[in-house]
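A, B and C are the chain letters, set down in written order, and residue numbers restart from 1 in every chain.
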Amino acid sequence: MSLSNLIDDWSRYRKGREEGGFHDYEHMWGMSIDLNKCIGCNACSVACYAENNLAVVGKEKFEKGQGMHWLRVERYWDEPDLGEERTSEFQQHGASFLPMMCQQCNAATCEPVCPVAATYHTPDGLNAQVYNRCIGSRYCSNNCPFRLRYFNFWSYYEDSWPAPLQMQLNPDISVRDMGVMEKCTFCVQRIRTVKDTARMEDRKVRDGEVQTACSQTCPTGAIEFGDMLGMYDPESGVAETRVTKMWRKHQVELGKTKQNKQTPDMRGYRVFEFLNTDPCVMYLDRVREV
Amino acid sequence: MSFSKIKRRDFLKIMGWGGVGATLVGCDLPTTVTLEEGKEKVVSYLMPEEYVIPGVGVWYASTCQQCPSGCGIHGRVREGRVLKLEGNPASSVNKGRLCQMGQASLQAHYNPDRISKPKIRRGSSLVDATWEEAYGLIAEKTANISGSKFAWMTGSISGHQSVLLQAYLESIGSGNHFVHETINNAVWAKVSQDMLGDSNPRIRLDKAQSVLSFGADFLGTWGSPLHFSTEYAKFRTSPRGILIQVEPNMTLTGANADLWVASRPGSEGALALGIANQLVSKHGLSMSGLPGSVQSLIRSYTLDETVTATGVDADRIADIATTLKRRSPSVVLAGASAQGHEHGYQCVAAAMVLNVILGNIGKTIESNGEFAYASMAPVSGNTQSLVSFSQAAADKRFDVAFFSGVNPVYTAPKSLGLKESLANIPFKVVFSHFNDETTAMADVVLPLASAEEDWGTHVAPYQAGVGEISIQQPLMEPLSTETRGFGDIVLTLLKKRKESAYEGFADYYAYLRNAFSTIPAEHKNGASDDQFWADVLAAGLIDVGVKEASLKVKGVEFDMPKEMGNSSAMVLAPSARLGFWDGRHANLPWLQEAPDQISKVVWDSWAELHPSTAKKIGVKEGDMVKIASASGEINVKVYIYKGVHPDVIAVPLGQGHDAGFSRYAKDRGVNSLSILDAKVDRMTGELALYSTNVKVTKAAKTDDVLVRFGGSETQVGRKLVSTIPADVYERTEGGDHVA
Amino acid sequence: MSVLQHLPLGRFIEAASRGSRQTKQTVQVSFIVMLLMAAMALFSANVNAEVPNAVPPEGTYSGIHVEQPIEFPHDTHADINEINCMYCHTYARRSKVAGIPPTSKCMGCHSVIATDKPRIQKLTEYWENKQPPLWNKVHDVPDFVHFTHEKHIKRFVIDNEDLEVENVSEVCAFCHGEVKKMTVADKVKPLTMGFCQRCHQANDGPSDCWHCHK
């Protein structure tokens, strides 16, 4: 039964944390984003629109902050302090780009506040959003420290996909209607397809078999996606995936509020790690010649 | 602590079980809203291939047509609809990657505002017509035309479309093929041709340890952006190269630079010569191989002289020279903002001289080889063709003109008078997917099949040492029965002129199919004809190799006008972006809603101003300014930041379409190309896009606001994007190529 | 509509997952075809066989009767002539959707069999006009439901070693009722979440929300 099941999953995870960090998940999908390679070109964001039936809301609604970009590329300017209250005349080190999507927190702050359990943790380690269950209380979005949940304030279908644009809609994922919260799912429909295929062939999912739309399109290959379960459960038989290697190399571990790195200069970090939401997305420092 | 946790969990469990009963009752109520039993139609296949299964996506290879780069793509097709595009990993151009314009290609295909019927002018309006009528009219108007009276303007073109187009021009006896692209690197190509003997040299970003780029936005709009993005990733992997970008306003490449230097438009050449002077005088590099006049030109650009000419700090100039020397091999590039001047050739030549002095030729700048089949080789567009076409039209030299893959009425500055002189051409045929500024002037509009519906072959203009012919194949049945592929139209036109030569080809597909069966056996790997064709379609491309070639440095003399760098008038920068490109993609809603990479503006035009200039004019973000040039004025909202030279106002391209170019682009923003002066580069005839002086004044605010992607401009102390110095990176990850 | 009826031109590259599922499938398909042939040869009168290793879902439903362009007699095919469900509905074991068989499949037999019947003449007309019939949907689940036929067939048919292959229709009947006693199919099972959920519980199916909701 769904509700008992998700409560069970949740308790299992909490219990796992108390007992040393591991819990019996099927997969643990994770990501690594190299800001040294990210050029801020927006390809990932548009790929996400194409893959996930994201509504185009138009200028007026965008102004009100109702844009539905599950994956947004944030751009920050430096404030170089030259001393004596002077700042640089130009942005001489360029911009800082940050692709931001749902961080799929293991201790997600959005999950416990949902009054109808429409958002919960799956045995894949994903932070799920069940659209037909959602009643639109928006508590989850209020509780998300990353502001990565997007609410359907309107019914966008007619305006966003005038015929024949609706023919492009991906049938593997529903078109959300008014009153429903939505967010990045790590392209769960792709995960599902690959898992189904693997199950039909009686084998395990291979590394690199699931690619999210953003990681597949990324012009510089800055985004890596894969199963990280092998890192936490060597017994699971999940081989060391590319993304696991990245996390290990950069000495970032799940389930920690503060990383204790042997090589403190390794670039991996998680945004707002100190909030203890335990995100599954690791960023690698931007590098600049100074 | 743990006690309270358990309690909480138990509580939830109890609540959970309580909820379950209720849930189950709800679960047995049939949904009434979304079920379509008895209402929805289910269509079966008639006779599908074995691999076509409803519910399972099939991937077909094709070629992206969103810009001239020629990236290979895979299209995911399900139930006869193409749903998603990805890069083709086999393509050497994009290596499986795709940019936002490529992703949005689907919205051009499924666009609700596509033209679906041929149109013929009756009086002042265009009315729907049949293809027979349109072809009949074209045949009538071209029946006895003399070759010199006929012209065809296209965008960059290659492959068999180019072969057919040339055949058509030949059948008329015309040599008037104008190839126009606003975003080009024509001056770079000319300088490379003159100085290295190759117009399209290979840039080895992967080998370079430093890149100095004078406005070459190679991650956004210069050369083959997606290809260079994949190379950039290698450039930035240890040993990490350093990127120095010199430009009037920040491009995507500039935003990724280690050092971004603002330059006054036109001073790039002087800065390059000043750096050359430093390299020679301070670092002992040799100028041999350069003509005496260039050597003395370099000697004249002493540090003081360069500072005066460019306004760039002396330390900075010396630093750049030192970095280039120390971080060898380097590569120096020049793009739009360096070439867009009356002395654009000289600016680019000065940058190329740096490559010669630094010894980059043969190291980071190599030959790409020569594509073996000249008739299919890519012909890259430029703006010189636009200028000469406008002149010829003004001189009433043409009776019939065809336009395909271009929108010159939008891209031509008003000062060229193209729109007016088009009236001098009695019969104009426009091949187009959409109503735009040029179709509005047409006598016949031919609706084209979309890139996802058409056949074609393409040879990417920039290929890293390979000679790939990339296949464009339909990813689905045409949405409208009344659109035709470009190749099909040209073939039909050709049949009307030379029936005997082309009667054997039922359609363009048959023509292509035949062309591939005549490919030399050495490329077929012993496969049968049908198998070979099937293999090519599956791979999406075939590498036919290139003829080996090498670069040879030739001495080219040039001068550098001294006064260019230090005037104080404001200059308009019509900056191009990966997104709307030259304005052709403003009708794609995904790209309108995708925030601009730098300013994060959506659904609008904006002008970029430096804070000091904004203060002088008295405007803040979102205020309206009037930008007036000799040939017109535009009103546009401002975005203020420190990525633009104080003497520059940058208005990126894309918006300001006026002819109902789809519901998404309608009445939106301004077209900064429209008010440019008709100045050209004296050596190449290219439009000098970055040399229009303008007067900027505050204008009255309107109700229309500037909408930008939310959030703060800086990180306000939060660790969102953390940055580390390159030496730390080298220390921890140096020599480690796992990532 | 016309776009949905035809195939895109060109050649297959790889299946959706870009995995190597083709080879495996071909093996499976030929294996099943062999089984089917064996089943058809081995005449069996066992019409109400139980499905081993499975608990059928509970629930009935009385849906509206949906008219079809051709009154396709499931009873003639599946009951009288004992053609296995999976002979025509081949997609069910290969895809999430069972799909309507392609018109070419009908014509495979009916270019010679029963060509004098009006229904077959109507079918032939569709075939000759290269227009497949537009069928009306009978079994539908809401858009937010991800249901996959292939995994259910795998669980109850392919992996179910005790199942006699001629009894496949009993598995189909879990959700579609006794179609072999109908002419055109009617919806006789509720296909609600409760219906699915009870079966999942009884047969140890997954109970994670995101397994079935998209």
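The rule is simple: a contact is a pair of C-beta atoms (placed from the backbone, for glycine too) under 8 Å apart; a residue touches a chain by one contact, two chains touch by 3 or more.
Model, not experiment: these values are computed from the prediction.
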Topology of the chain contact graph, where touching chains are joined (line, ring, star, complete, other): complete
Comparison of A-C and B-C (more C-beta pairs in contact): B-C
Computed distance of Cα centres, chain B from chain A, in Å: 30
Chain centre separation (chain B, chain C; CA means) in Å: 48
Where chain A and chain C are represented by their mean Cα positions, the distance between them in whole Å: 37
For chain B, residues that touch 2 or more chains besides their own: 24, 78-79, 81-82, 479
Chain A, residues touching no fewer than two other chains: 1-2, 6, 167
Residues of chain C touching at least two other chains: 3, 15-16, 18, 96, 142-144, 197
Chain A residues touching chain B - in the complex, by the definition given at the top: 1-4, 6-7, 10-11, 14, 18, 34-37, 39-43, 45-47, 49-51, 56-59, 62-63, 65, 67, 69, 72-79, 88-98, 117, 160, 162-165, 167-171, 213, 216-222, 245-246, 249, 263, 265-267, 269, 271-272, 283, 285-290
Contact footprint of chain A on chain B as seen in their complex: 2, 5, 9, 12-13, 16-17, 19-20, 23-24, 78-79, 81-87, 94, 96-100, 102-104, 106-107, 110-112, 219-220, 226, 229-230, 232-233, 236-237, 240, 242, 245, 250, 252, 254-262, 479, 578-579, 589-595, 597-598, 600, 602-604, 612, 641-643, 663, 705, 707, 709-715, 718-726, 728-729, 731-733, 738-739
Chain C-touching residues of chain B, taken from the complex the two chains share: 24-25, 27-31, 33-49, 51-61, 74, 76-82, 473-479, 481, 509, 534, 537-538
Residues of chain A touching chain C in the complex: 1-2, 5-6, 9, 120, 122-124, 126, 128, 130-133, 167, 172-175, 188-189, 192-194, 196-201, 206, 209
Footprint of chain B on chain C - complex, ascending: 1-16, 18, 22, 59, 61, 63-64, 66, 91, 94-97, 99-104, 127, 130-144, 187, 190-195, 197
